[in-house]
Structures are given as structure tokens and as C-alpha cells.
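Both complexes below contain chain A, partnered by chain B and then by chain C.
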Partner chain A sequence: MTLASHLRRYGTLLGFAAMVVFFALNLPDTFLTARNLLNVTQQVSMLAVVAFTMTVVMAMGDFDLSVGAMASLAGVVAATLFVAGWPVGLAIAAALGAGVLAGLLNGVLVSVLGILPFVATLGTMTVFGGLAFVVSDGRTIFGRDIPASFSGFARSALEAGDLRIPALTLVAVAVLAVIWVVLEQTPYGRRLYAIGGNIEAARLAGTRVVKLRLLAFCFTGLGAAIAGLMYASRVASANPTQGDGLMLDAIACVFLGMTMSEEGEPRVLGTLLGVLLLGLLDNGLTQMNVDSYIREVLVGTIIILAVASGRLGVFSRR
Partner chain B sequence: MRELKISGLDKSYGPARVLRGVDLGLRAGEVHALMGENGAGKSTLIKVLAGIVPADAMRLTVDGAEHRLVTPDDAAALGLRFVHQELNIVPSLSVAENILLSRRTPRRLGFAVDWRAMKQRAGEALARFGATHIDPGARAGSLSTGDRMLTVLAGLVAADDTAPSVFVMDEPTAALTHAEAERLFAVIRELQARGAAILYVSHRMGEVVEIADRVTVLRDGAVALSCAMSQTSKEGIIAAMTGRDVADAYPARQTEPGQGAVLDVRDLAAGPASGVSFTLRPGEIIGLAGLEGSGQSEILRAILGDMPCSGTVRHEGRAGPRSAADAWLSGIAYVPRERRREGLMLSRAISHNVVLPHLSRLSLAGLWSRPRAERAEAEARGREVRLKCESIGQSAGTLSGGNQQKVVFARAIAGAPRLALLDEPTRGVDVGARADIYGMIRTLSGQGTAVVMASSDLPELIGLSDRILILRAGRQAGIVPAQGLGPARLLAMIYGDASVEAAA
Partner chain C sequence: MNVKSILIGAASMVLATAATAQERVAVITPYLAQPGTQFYIDGFEAAAEGRGWEVNVIDTAGDIAAVISRIEDAVTQNVDAIVINVDPAQVEAGLAMAADAGIPVVGMDAGMSPYVATNVTSNGYAMAAETAAYVVNRLNGQGNVVMFVFDPFPPVQIRGVIADAIFANTPDIEVIARVTPDVQDGGIADSRAQMEALLAANPEPGSISAVWAAWDQPALGALQAVEDAGRAGEGIVIVGMDANPQARDAIAAGGNFEASMAQDFEGIGAAAAEAVARLVSGETITAPVTYVPTRLITSANVAD
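Presenting the complex of A and B:
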């Protein structure tokens, strides 16, 4: 392999390692500690869940811009039902159901009607965002309206010796495991990658393209709803825009992951690395008291650098 | 320019030698027809002339002086202009903008588009072809195909200051009506009278005989015939196009077709074809013959259940499949026409490409994939089709055309299909891989798989089929036994010069 193809394949990984070393040297006492790292996993858990399920649609070459709005909507639906006196379990189920329905709508628009995913989910993003305002009446639902058993979940943890593994981290790990199995170990996942490889060829080789795409968007809707509930539990409140920021970060994580896979395909373990990269960067910069605007500039630069290093191999082949 | 000559043109794609020592001379004021079956090398020759594909070896002279032709810019500088089958126009722009697309837009005040000058110049370019009926202000997308062709031609002569001296037209009449084609011929004569050379590529014998002064026939990448039109005839051209020895190249049938009907098609209409009826026994091979675009692909897609159609299709006594997924599940395998676009996931592993329709069967209860079983299956099928690859895990895009096609075949045979639908199974495949594919088709048929095969390679169709269904003018003209049929006679039947009924 040439230097360029090494860079293409491992550039992001090298950058990741360089970043960890940089923070470890500058924050010797606080960065590489079990407590801090576990804290990071909790901080990124919501983003992780959205990014993992986003990987499912991106494996087919599609993507979903409405995940942030779906997450907000799910949080608001659950909180509104708490206010209406629904039992916690039922309200959660309803919120997850709303996520699946929202995903189903995306799936119908993209897969059955054949609208470009960018356009379809841009539209539904606005619709779901608006619905979140309608459901919550534009207010933030907080305080005594949120049952303690719901908000307590995000504060709970699994005690393992003197380590506390946060419950939200465990949820993210569970979602990771499910998505890994689905994408890497089932015929369904293999077919999604086939669709991503060549949708026409996949259909002619007997893949039920319409149904599979529909289902994939439902996965992403469900993931967004789970993330929305995690968020609401963590801040013990729900407002109609709180999940919106997840979408761009989630897509960024999948892209970062793609630069690390052999064929440049979205793989869920690559996405995990993307999530950790963004999470550790955030954490380190916060500890070094770097302005959050600088963080935005850095994240954007890193994504461009990662993708550009992926193009290196292409140029050297010409 | 008096004469543009190329000689000793060689071109290989990997091991496949597509063009072998081709000589071609284009003279000013002459229409030169280039003919040959699909895969004979015509399109590669055009791509070399256009500077899209570099030749391995070629000497190009204009009036004796040597020139190089490596990039599209070289081609343009030599005065070569191309009219492709798919017309490159921007439908949303006006005719005038399309005509002047590659020129500097006429301006006012240095920045605003000078619409009046633009329309006037476009109008002048159109008038040179007597196409005064086209409004330069109309949207190009609203024009008929024939008028679009004239727009493209007007764009070519208006394009820049190098006088165009050679026009290369690739199947220009394929999408034209009779009247539009007549107008195009008038334009060609006009260009000819002004001293342009025209390389005219077409499958249509009638029009070639009518307008061409010289003809060159390619066969398997080499020149099989090159002479003045007056020195040859339709029959001579057909013989040169097909002149391969049919008997030797094709493995003989080892077993007789079985009894019963695997496939029963009644009065099927799909795409341009209608009135298609036939019954197919186990192990029997039926060939679909017709001019390109007569509906062969559509008939196969309709049987696959992937295309709306009327009429009835019954597969093993039941209603035909309603989708490609249904078809694969009920034991129908399909090899599509365009393997890169419709057949393969080029970025994915060979093994994944082979097992895609069989993932459920190779998994535990359809829920848990068994990569080892998938790999083993892909390797076994790969050996069966004599696939040449370093590893079954390498991506399909890294293989040569012939080996890519073998991957598609490995996929088809992996399910031990009862019926195989093959669309141009050897298109763009080198000679060695062809022989392997013929062997595979015979083996399939020997195992009792019924085969419907569309091919524009007539010797191949005759060599493999038991019966041949002839499509002519959008209808099934008849079904003839392949035994004892010659390619020339089959081609005559396709053109309608020989009666099908007499043969049946």
C-alpha cells in the first residue's frame, strides 16, 4: 500500500490518536481518568443512539435530516402525556410509537413515493418540529410535571467496584449491540448494504427494496425517539427544540466513521469512533476552557480533513 | 482536409482485445458507414476518435501529416464532431442557448446576455440546415427528437472557429421517425456537399445502402470488409458481419428437453413488443431475436415480474411472479443486460454479489447470517463458472468485464433455478469468457433449467437456442427452429427480407 492509501484508510484514526495524546498531555490529571471517560460516554450517549440508527439509513445511501426533530417530538410527547397523568411506561411507549410512525412517514415518502431523502426528510423535519410545538403548546415542560421515576433513570448507574457506569451509557451500548447485529449479522443488514451498493442491481437480484427501505427509516425514527427520551430524562424537562442539534452531529459522526472503513461505507463501529472523537474533543476543549464557538470551527475542520484524507487515495490513483 | 486516416489501431481492455489493427480512411465529401454486430468494437472505435479512450497503438494522419489524438480537445482541434445516440441537450434552456452553449455568450455592456444577438446567431446556424421551422427561443425540451438532433448539429457547426471537417454519427436515426430521418439525410448530403467527411454508424441496412459511399465492417475487433458501397451489397455486408463459423464455437446439446411446460407466455405485451406467445419445456432454450430495442429486454423483465405488462405469464402452472424478489424465490434467475448498472454492486465483495438473492437460504432461519456458508457458496459457484480472481472477498469492480459477467452468472446458478432469463449474456465479454459462459448455459439446460435468452449476437443465438422467436416491427413475427439456420438468413428474417413462415 502507498502512503496515500494508508492516509486514506487510517488518517482519521491517526487524528483521533493525536487528539487523545494532545489532551492527555495538556490535562494530565483529569483527561484520561476512568471517571472522566465514563462521563464522556454519558455525554455522548444521546448523540450515539441517533448516529447508530442513522448508520442504518446511510448504509442504503439514504439519510434522514428529521432525526433531531423526531427526538424533540418524542420528548415532548412523553412529557405531555406525563402531564395528562399517563403512567410512565405507557407514555414512554407512546413516545417511541410516535418515533416509529414518524420514521414510517419518512420511509413512505422516500421508498414508496420515491422522493429524494434530502427533500423528503427536510420537509418532515419542519413538520415534526412544528408538531413538537403544537403538542407542547410551545412551552418547556419541567419540574413536578416530570415524574421522578423518569428523570431518575438518567441519574442511575450500574455500580461496578468503584466505577459507576451511567444508565444512559448502557442504553447506548445496548442500541450499538442491536444495530451491530442487524447490520453485520443478519441477511437484512447485508441487503441494506447491497441497496447502498447499487439499488437497481439489488432490486433485480430479488431484494425487496421498498419494504427494506421503509423498515430502515422506522429504525432511525425509533432511535431518534429513544435519544429524545434519554435527553428529556437527563435534563428532567422537555422543550420542543431540545433534540434539534443532534442531526448534524449524527451525520458528521457517520461520515467520520465512513472514512475509516475499507470501502468507505457506513459501518456502525466506525460511527462509534466518530461519536467518541466528537465527545472527547468536546470534553477536552471544555476542560481547557476553550470557547464553544472555537469548538464548532474545529469540528467542521476535522470533518473536512477526514473526508479530504479519504480523497487522497482517489487522486493518487488517477 | 482531404483525408483523415487511422491505421493500426489496437485497443485492449485487460485481456480482451477489442480492436485489432483497424484501418479506417475518411475522405472529404464522403459518407462512410461503419457496421458490425454489438461487441464488434464500433463504440470503442468511436470513443478512441473522440479522445475519451486512449488507443494502445494508432497512427493518425490528416492529408499525410501525422497528428496525435489523446484527449477530447485533440479531437475537437482535428475538426471531429460527434452526434451520439443520446442527444446532449439541456432541456430547460432555450434552443439558442443550447446551440451556443460552448461559445462565449454574446453580451451587452460586458455582462448582460444579448438575447437578440444570441437568437440571431442560433437562427443562422439552424438555417444552414434548412431548419427554419425551429424557434431559437423555444425551450429545447419541447422539441421533437428530430428537431433536437438538428439543434445538436447546429450547435456543432456553430461551436467554434475550427471548421468541422468530420462528423461522427452514432445511430443517429435510432429514435427518429421516418420523416425526421429523411430530413437528417438531407442535412447529411448538405454537409457532404460542403466537403465534410461523415462516419455513419448504424444497424439499419436500408439507410446505410442508401446514403453511404463507402462501408467498413468490423467483426471481433478487426476489419472484415472495407470497400466502396458500389462494390458490395446487403448480402455481402451481412456475410461480413456474421461470418463466423457457427458449428464449432458452441457446445452441442447433450440431453433432450423434458416434458411439460416450465413457462407459458400468452399474448404478452411489454414495452415496444406485443403479441408474444410461447411455451417452454424443461431444459429448452428459446432465443429472442430482433433489431436492437425491439422489446427483448422488456419481455424478459415482464416475465421476471419487474415490469408492467399485459397478457398472461404462467410459471410451472402458477401465475408468474409479481416482483423480481418473487421471481428469485420461485426459482427464476435473471442476468440483466447492463451488468455494471443493473447487475453488480461494484464496490462490494464478489461473494456478496453472488449470494445476494440467496441470503435467506444461506442463513439460520433467515435471521442470522452465516458468512462462512456464504463464502463457501460463492467460492463453489465461482469455481463452477471458472471465475478468475485473487480472492472472493475482493470488490467486483476490480474484475475484468468477462469475470464480472461470471459473477452475475454465479449468482444465477447458485439457486439451481428452474428458469433462467438471460439478457445479452455475453455483451462486452472477451472470447475466452464467452466460451465459459456458453458452457454454463449448456450445463444449466442439461440440468433441466429452461432458458429464455436475448442476444444481438446472431451466431450465438443460433448456436445455443433450440428455437428462435423473431421480433419485427413491435410484434412477434414467428418462431423458427434454430437447427440449420444461418446467421445471414436469420438477419434477413429480422429485417423482414425473408419470410419467417416459410422456415417454420
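Presenting the complex of A and C:
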């Protein structure tokens, strides 16, 4: 392998390592501590769940722009049902159900009707966002309307010796495990990548493309709903736009992960590194008193650099 | 250049900006882009500069969960104090961590919470008393008043309660309508429609003497209705609250819209810095809320 091809595959990883070393040197007492790192895993847990499940649709070469709106919708659905006096478990189940239904709608539009994912999910993003306003009446639901058992979940943790592993982190790890098994260890996952490689070839090879894509969008909808509930639990409230910011960051994480995989495919472990990169960057920059707007510039620059380093190999082959 | 060298280059630039200082204070808000918030920050930063503090202003662009994350980071960084400009109930997870670490938290127009040493804000009760008293005095204690209120929103509800009390305490003032406008469109349009209906129902000149609004938008809607009905010359006194730019223009124009209340946003920032200074020096602040004086705005001082 040439230097360029090494850089293509490992550029992002090197950048990641350089960032960790940089923060570790500048924040020697606080950055590489178990407590801080566990804290970061909690901070990125919602983004992680959305990004992991986004990886499923992106493996097929599809997109889902509606994940943020679905997350917001799931949060307000649960909170509205809390207000209506539903038991916590039932309200959560209903919110997750709403996510699956929303994902199913995306799946039908993309896979059955054949609308481009960008267009279809741009449309449903607006629809779900609007529904979140309708359900919540545009208000933030908070205070006594949110049961303590629900908001307490995000503050709970598994005590392991001196360490507290946050409950939200455990949820993200569970979702990671499920998505990893589905994508890497099952025929279903391999077929998704086959669709992503060449949808016509996959179809001709007898892959039931329509059904597989439908199911993939359901995964993403369910993931978005889980993340929306995690968010609502963490802020002990729900408003109709609170999950919206998750969408672009999730796509960015999958892209960052793609630059680390051999074939440039979305792999869920690569996505995990993308999520951790963004999370550690936020954490380190805050601790170093860096302006929040500089952080935005850095994140964008890093994504472009990561993708650019992935193109190096292409240039050297020309 | 590869990713690594660029990262290090960018990072070293960043490092150059991180100075060493004594007291470190993190100011965390999701609302920096909203008008008003910047004034709090300006007031705070000016006061902090005088004290030689190192202030880190963190904006999360509307993301409340990220506010929790940044509070956690500030605690990890072991800052000396944290200032928040967000409902404390929504970021309790982060505030609990600050409390565990013994780091004081000051609210800047944030809301009351056991985790917030003091919340610095304007006194809504006092603001309502000033404009309601202004109306009573202008009418010489006699006339019919239309009120625009919004009881579902607590900070506005308390304004209405005070105005109710002042009008009820004046025997010859009668509140002929207590309107809750639809605020979906910002509150001006529906307030105007409601005022038009009230003007139609009270056609006699002098049958409506004043409009007391709990915030500026309904006052502006009422002003439009009065002017369009050709009744601007009847001497109907209109007062609002918050003194937004549109209200100031109306007051400066010298028409029926006579008064509003201005909050001192920079003063709130400065008072928050004062509270931080007291907490950092080991004092305890007993008042859960610290009020910063507000000012009645009329044609006499609107140009200031």
C-alpha cells in the first residue's frame, strides 16, 4: 500500500488520535479521566443512537432527513400522553410506535413509490415537524407534567466500583450492539450493503429490495424515537423542535465513519468513531474556553478534511 | 498537509486564545442569537472584565440537552462559577452535577430553582404596578379600562394580577373587558381584532378610557384598532410593557400609546456578575431572586 492509500484509510483515525493527544496535553487533569470520558458518552448518547440507525439506511445508499423531526415528535408524543395521565411505560411504547410508523411512511415513499430519499424525507421532515407542533400545541411540556420516573432515568447510572456508567450510555451501547449484529452478522445486513453497492444487481440477484428498504427505514424511525425519548428524559421536558439538530450531526458522523472504512461504506463502528470525534471535540473545546462559533467552523473543517483525505488515493491512481 | 498537521495548527491557534486568569466563569445559553440575550452578555462581560475574570460564553444554538453537556464540561473543567440563561428545570441534570462539585450557579433571567443560588431578573409585579398606576393617574382615577392579559404564561400572569388589584382598588375605574388574545401570530393581529370588536360595542366617545396590556404586542394591536376606527382623538390611553422597538416608535410618535416598561438587560448582566462575585468570595445569597430595577418609558424619555 502506498502512503496515499494509507492516508486515505487512516487519515481520519490519525486526526482523531491527534485531537485526543492535543486535548490530553492541554487538559492534563481533566480530559482523559474516566469520569470525563463517561460523561462524554452520556452527552453523545442521543446523537449516537440516531447516527447508528442512520447508518442502516445509508448502507443502502439512502438518506433520512426526517430523523430529527421524528425525535422531536416522539418526545412530545410521550410528554403529551404523560399529561393525559397515561402510565410511563405505555406512553413510551406509543412514542416508539409513532417512530416506527413514521419510519414505515418514509419506507413506503422511498421503496414502494420510488421517490428519491432526499425528497421524500425532506417532505416527511416537514410533516413530522408540523405534527410535533400540533401534538404539543407549540408548547414546551415540562415541570410536574413529566413524571419523575421518566426524567430520573437519564440521571440514573449503573454503579461499577468507583465508576458510574450513565443509563443513557447503556442505551446507546445496546443500540450499537443491535445495529452491529444486524449490519455485520446477518444476511439482511449483507443484502443492505449489496443494495448500496448496486441496487440493480441486487434486484437481479433476487434480493427483495422493496421489503428490505422498508424495514431499514423502520429501524431509523425507531432509532430516532428512542433518541427523542432519551433527549426528553435528559432535559425533563419536551418541545416540538428539540430533536431537530440531531439530523445533520448524525449524517456528519456517518460520513466521518465512511472515511475510515475500507470500501468507503457506512460501517456502524466507523459511525461510532465519528460520534466520539464530535463529542470529544465539543467537550475539549468547551474545557479550553473556545468560542462556540469556532467549534462550528472546526467541525465543518474536520468533515471536509476527513473526506478530502479519503480522496487522496483517488488522485494518486490518476 | 494532512489532517493531523492541520488539526494541530488549528488547535494551536485555539490554544493561543486561552489565556491564564484567576476566576473562571462559564456563561451558558441556548439563546445567544435571540435579541436581548446579547445585552445580558454584554453587561456581564463588561462587569467581568473589570474584575479580571476569564469568561467563557457558550451558545448551544437552541439545543437544551447541549446546555446540560456544556454545564457538565464546565464542572469537569472546575470553573469557579456558572451562569445560565435557560429554564433551570430543563437542565437539572447538569445543575445537580455542579451542586455536587460545589460550583455556584447564577441564573440570568432563568427561573427559580433550588440549584440556582439566585436568579437575576426584572420584577414583573413592579413593572405591572407602574403601568397600571400610570393609567389610574392619567384617568384621574375614573374611567373604563380594557385589559389584555395572558394567564397561561406565568411571567405574564403575575403582571395581570397586579393590574387587577390596582384597578379594583380604584372605585371609579371599571374593567370592562379582560381579553386573552390568541398569540399564535405574535399577538398583534388578534388583539387588534378583539379591540375592534370592543370599540364597536362601545361606540360612545369616552366609553373606553384606557387600554392596559401586559406586554407590547396587544397594546400595538389596540393602537391600530383605535386609529383605524377614527377614535384616536378621544384620548384613549394605551400602555404596554417591555418597551420593544415598535412600542418605542409608537410612544415617540406621541399618539395614544403613551407608556411601556423597559427592562435593563445590561443591568441584569451586571447584577449577575455581582452575584457571582459574592458567591465566589464565599458569601451566601439568601434571596432566590435578585431584581434589577426597570424604567417607565414615556414620550419624555423614549429618546434616551
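Assume the second predicted complex is superposed on the first by the 318 of 318 C-alpha atoms of A that agree within 3 Å, B and C clash if a C-alpha of one lies under 4 Å from a C-alpha of the other, contacts with A are read in each partner's own complex, and residues count from 1 in each chain.
The rule is simple: contacts are C-beta pairs under 8 Å (C-beta built on N, C-alpha and C of every residue); 3 or more make two chains touch, one makes a residue touch a chain.
In this text, all values refer to a predicted model and were calculated from it rather than measured experimentally.
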Clash or fit (per the criteria above) of chain B with chain C on chain A: fit
Residues of chain A touched, compared between chain B and chain C (which is higher): C
First (chain B), second (chain C), both or neither touched by A:225: neither
Touching partner for A:43 - first (chain B), second (chain C), both, neither: second
Partner chain(s) touched by A:263 [first = chain B, second = chain C, both, neither]: first
Touched partner set for A:305, first chain B, second chain C, both or neither: second
Angle at the Cα centre of chain A, taken between the Cα centres of chain B and chain C once the superposition is applied, in steps of 10 degrees: 130
First, second, both or neither for A:204, with chain B first and chain C second: first
Partner chain in contact with A:191 - chain B first, chain C second, else both or neither: first
Gap in Å between nearest CA atoms once chain C and chain B share a frame through chain A: 26
Footprint overlap on chain A, where chain B in one structure and chain C in the other make contact: none
Of all residues in chain A, those that touch chain C in their complex: 7, 11-12, 14-15, 17-19, 22, 26-27, 30, 33, 35-36, 39, 42-43, 46, 138, 140, 142-143, 151, 154-155, 231, 234-237, 239, 241-242, 245, 282-283, 285-294, 298, 301-302, 305-306, 309
Residues on chain A engaged by chain B in the complex (per definition of touch): 185-187, 189-191, 193-194, 197-198, 200-208, 263-265
Chain B residues within the chain A interface of the complex: 304, 306, 323-325, 327-329, 334, 336, 341-348, 352, 356-357, 359-360, 363, 366-369, 395, 411
Residue numbers on chain C that touch chain A, as the complex places them: 2-4, 6-8, 10-11, 14-15, 17-18, 24, 26, 32, 54, 56-66, 68-70, 72-74, 76-78, 87, 89-93, 96, 184
